[in-house]
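Notes for the one structure printed next.
Chain lettering (A, B, C and D) follows the sequence in which the chains are written, and residue indices restart at 1 in each chain.
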Amino acid sequence: MALLDITIIPLDGRDSGFSPFVAGLQELLAQSACSYRLHDMGTTVEGSASELFRLAALLHEHAFGPGVQRVYTVMKIDDRRDRTVHLGDKTASVQARSAGA
Amino acid sequence: MALLDITIIPLDGRDSGFSPFVAGLQELLAQSACSYRLHDMGTTVEGSASELFRLAALLHEHAFGPGVQRVYTVMKIDDRRDRTVHLGDKTASVQARSAGA
Amino acid sequence: MALLDITIIPLDGRDSGFSPFVAGLQELLAQSACSYRLHDMGTTVEGSASELFRLAALLHEHAFGPGVQRVYTVMKIDDRRDRTVHLGDKTASVQARSAGA
Amino acid sequence: MALLDITIIPLDGRDSGFSPFVAGLQELLAQSACSYRLHDMGTTVEGSASELFRLAALLHEHAFGPGVQRVYTVMKIDDRRDRTVHLGDKTASVQARSAGA
């Protein structure tokens, strides 16, 4: 099992933020068979490497919506064949801190 | 304000996973003035660009512990000067799904 | 047309460098229909997005050779649909400088 | 010695390409003490980790020119303390292939 971290940036001059765009990607992810988790700088997806590359291609393609002629996608894949890795495993002992805490 | 996403990989042949190593980095982050959040594929930190580059250098350096002669660090910085961005803003409407749900 | 930048890191404890491994990947690239260029920190490949994701999956899979149980792959894709982009276009006016110059 | 690979993307809605912007960064690099090499998807710089993080911060800051309120920077650093690594070492046996060859 592998984890994919993907960030998709539509370079179309929008200056109103990416939120509506990200919502569309989340729908595609929800329709996939993979577990996923949105974080502050991207989305992490759990699956086999072949599933993850196919899904990444789909998400990237989806970003070419109306008026979008250029898309920049950044990905990292951490793929272990020696043991099963799931979303949340690495952060089981997470120590987050909010600005005011 | 900017958000930094950083993943630090010690290339020292350890095959027992990165967890103890990540715990050490979390301590350094806790000592910094920046808010941060560990996720499945890295850590996201909130601060000014200059703070974030300094902190990244510190974390990277720290990874050269006993027996570690090579470190590979991957970073993304999303820096907006037109408005304030905080950790959690992008994921306020997060839709995560667990494998069995 | 799109450009893919890919770096594949086998996390198997080898400390003798990645050169033989990279040579293997170059052979796979040479067999593909895509133009490519090796640089100091990865390989850049030119093709359609769908070709590039398929090729990336192939290269990633190939990295699981004898004794390699974990592979970490980092990718960037710059995909323009408004005009054709080729390898070398961006660096036509390259200004490189060697250490001693 | 370490190698830094850096890609700086001004998210300001420009649709005329990044070339003039990249030229400005190249000037900054030429003024630094570091060797560097522009490639199709970024620039690779050679130096100590501390030099490279300082230079990355400088380049990132420089990208906030007139009208640019958001900058997205992607970096990879491969840092070896067991031996000296220079630009060009990894590609000494480069096998590039052009589209028509």
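We adopt the following convention: a contact is a pair of C-beta atoms (placed from the backbone, for glycine too) under 8 Å apart; a residue touches a chain by one contact, two chains touch by 3 or more.
Computed from a predicted model, the values in this text were never measured in an experiment.
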Could you check if the interface between copies subunit C and subunit D is built from the same residues on both sides, meaning over half shared, or from different ones? same
Two candidates, B-C and A-C; the one with more touching C-beta pairs is A-C
Centroid spacing, where centroids are CA-atom means, of subunit B and subunit C in whole angstrom: 25
Using the average of all C-alpha atoms in each chain as its centre, how far is it in Å between subunit C and subunit D? 16
Distance from subunit C to subunit A - Cα centre to Cα centre, in angstrom: 21
What residues in subunit D touch two or more of the other chains? 15, 69-70, 72, 74, 76, 78, 82
Would you mind writing out the residues of subunit C in touch with subunit D in their complex? 3, 5, 7, 15, 18-19, 22-23, 26, 30, 35-42, 44, 46, 74, 76, 78, 82, 86-91, 93-99
Within their complex, subunit B touches subunit D through residues 49-50, 53-54, 56-57, 60-61, 64, 69-82
So in the complex, the part of subunit D that touches subunit A is made up of which residues? 9, 11-15, 69-70, 72, 74
